[in-house]
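Labels run A, B and C following the written order; every chain starts at residue 1.
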Amino acid sequence: MTSSTETVSKQDIIDYSARLGDDAIVIGHRLSEWVSRAPFIEEDVALGNVALDFFGHARMYYTHAAQLSNEQNGTDDITEDDFAYLRDERQFQNHLLHELHKGDFAYTTARQLLIDVYNKYFLEQLEKSNDETLAAIAVKASKETKYHCRRSKDWTLRLGDGSSESHKRMQLALNDIWGYSHELFELDDLEQRLVDAGIAVDCTLLKADWLKEVTAIIEEATLTVPDQEWAVRGGRQGYHTEHLGHLLTEMQFVHRSFPGAKW
Amino acid sequence: MSLEKLELFEVFLRSKRGLDHKHAGSLHAEDKEQALEYARDVYTRRSEGVSIWVVRSNDICASQEDDSDSFFDPSDDKPYRHATYYDIPKEVGTM
Amino acid sequence: MIHSVDLYSKNRIIKVVNILTTGEEMTKYNKSEAELEAIFQQKIDSEQKIEPKDWMPEAYRKNLIRQMSQHAHSEIIGMQPEGNFITRAPSLRRKTVLLSKVQDEGGHGLYLYSATETLGIERSELISALQSGQAKYASIFNYPAQTWGDMGAIGWLVDGAAIVNQVSLQRTSYGPYARGMIRICKEESFHQRQGYVIMMELAKGTPAQKQMAQDSLNRFYWPSLMMFGPHDSESAHSAKSMKWKIKRETNDDLRQKFIDQTAPQIAYLGLEHPDKDLVWNEEKGQHDSGEIDWEEFYAVINGNGHSNRQRIQHHVKAHEEGAWVRDAMSEYKQKKLQRKINAETAA
């Protein structure tokens, strides 16, 4: 990584940190929808922990974005909540995979497998970022992500190689979401600038390791890696599926009903 | 009979009614019944217990030291799980 | 033998009894039932805990199963009204706190189910009893959570009332229950506080927020008092439970504690007290208070709350939708076992 940060603006880093926050808050929201709905209590508590981890990551990324925004504007009142609650659907820049509906337990498992393994490789690289705060967040998030990966792998094996019903559901889920995985490995101009400055992760370089690991787990689970042709993209440009609007409506409703209120 | 052929058991003692069983140590025995008897002889010579559990060591699945980063560190930054995170005015009494 | 036919699980009891019939226990069991009961009551009277493998009167065991499972069910059903607001929490900080609280409730339900299982009954049986309506849970959870203020009121008042009861139960006579309560009380220490902090923020916030706090207090105050159960004179289970020290303090005594501790908390918030008859009685050193609407209490218990059906249907739905997952787990386990056997045979 080079150490030149001259070509990137503070706004670039704010935007980047906010999109990483968007990924985390949106998947955390989906996981939190499982509370009181898991297949048994142990899993309810465990899913709650994973959701809490993602909320924690979102707060760190948004707080970083908020601090930089305050520095940039000479203000002190921009907070993490402004990013989570006061931006609209077109302004959210999470990857589409994160926002897709909650689905059944197989769907959640399949999605977590793709996301958790991605995050493992992503955070390993982010730890080397020239932005010290991002690097520190990555160190912290990495630890939790290792545990998430372990859970996702175990559940994929159990469900893939479990009953014919669970096998069928897992394969359906993988087929349903696979097309949303490709954009995880693409850079837009913003991220390219930040990669050049040694701040963002070059996610195009993560694909080989990710695919290798995910494929090994899917195959061990007696499942098949889906067709590679189908691909949907656009999350980083705010071009979302219809799922996100409903998620944000729910998430932001109380906050927006009382403008300026403190909680 | 060599000692290696004997199974290893972990011994848990309840020192007093109402308290948890706590790990006391381990011993070798042929089976669980014998382990219970030896536990009595080995670990409660000074009436340390009112109840003994023995568990085959092999039946214990333990977390690994290497895992501690991903197993336990994540709880470090969750101060909101503790009462001290919330400032409660004195006027309203203990809570 | 001591345990004859069990209401819940005959086989399981036979298993338990078989474990018991060894060595010293056997000798103990050769005593008559009257002798055993005398020894049992003596332990209780001298503040010794009863432990899972001790002899205990069948009625004690059933009473415990009833009370502990009701407690466990309350934790589990109690996840719903607050769980209902996790996705809508108005700040990320509150969202995180609320999720961790609801998650704790799941954990506490789990501890309590496990402690109940030491009495020779399985979790699946307990859950069936909940879903069929045979077992009860705290009726407070049949009230709907409608606003963010309710998250404050539930944490502060509902958890507050539960904690008064649970602190008392740390001294209950059954060891696993008492130990569970100690752990739960420790972990729940933040639950009430986070609720009160929500109320403080609302009370000092905009007029609309303060109104929200008052509304939640008004709706949850009386139902919280009902959580302690009927008056002692009306309580079906109280006398025996006290003799066996399953319960340590009476419904009315615990309720009084809660009323007394809550009054200054309401005053501090600058909210109106929902009980217009509440006055400090200097002589007694406690508050005199208005009468609870017991008709409402029994109406809600008997299924006429806003959310009775919803709560059970939610639980049943989650349980049924999880069935294929639980089946898959056991098939996977069988497969793994079979593979191991095959590998060993081949070797």
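Keep in mind that, in the parts below, a residue touches a chain if its C-beta (ideal position, glycine included) is under 8 Å from a C-beta of that chain, and two chains touch if they have at least 3 such contacts.
The structure displayed is predicted, hence computed values, not measured ones.
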{"item": "Result of counting contacting C-beta pairs for A-C and B-C, higher pair", "value": "A-C"}
{"item": "Chain closest to the middle [Cα centroid of all protein chains]", "value": "C"}
{"item": "Distance between chain centroids, defined by C-alpha means - chain A, chain C (Å)", "value": "36"}
{"item": "Separation of chain B from chain C, taking each centre as the mean of its C-alpha atoms, in whole Å", "value": "26"}
{"item": "Interface hub residues of chain C, defined as touching at least two other chains", "value": "93, 96, 100"}
{"item": "Contacts with 2+ other chains: residues of chain B", "value": "78"}
{"item": "Junction residues of chain A, two or more chains touched", "value": "49, 52, 56"}
{"item": "Parts of chain A lying in touch with chain B, wherever the complex brings them together", "value": "49, 52-53, 56, 140, 143-147, 150"}
{"item": "Chain C to chain B touching residues, read off their complex", "value": "43, 48-49, 51, 53, 93, 96-97, 100, 104, 160, 175, 178-179, 187, 189-190, 192-194, 196-197, 261, 264-265, 268"}
{"item": "Residue numbers on chain C that touch chain A, as the complex places them", "value": "76, 79-80, 83, 86-96, 99-100, 102-103, 106-107, 109-110, 113, 148, 198, 201, 205-206, 208-209, 314-315, 317-318, 321-329, 331-332, 335"}
{"item": "Chain A to chain C touching residues, read off their complex", "value": "25, 29, 32-33, 35-45, 48-49, 51-52, 55-56, 58-59, 62, 80-81, 84-85, 104-105, 157-159, 161-163, 165-166, 169, 250-251, 253-255, 258, 260-263"}
{"item": "Chain B to chain C touching residues, read off their complex", "value": "14, 17-20, 51, 78, 80-83, 85-89, 91-93, 95"}
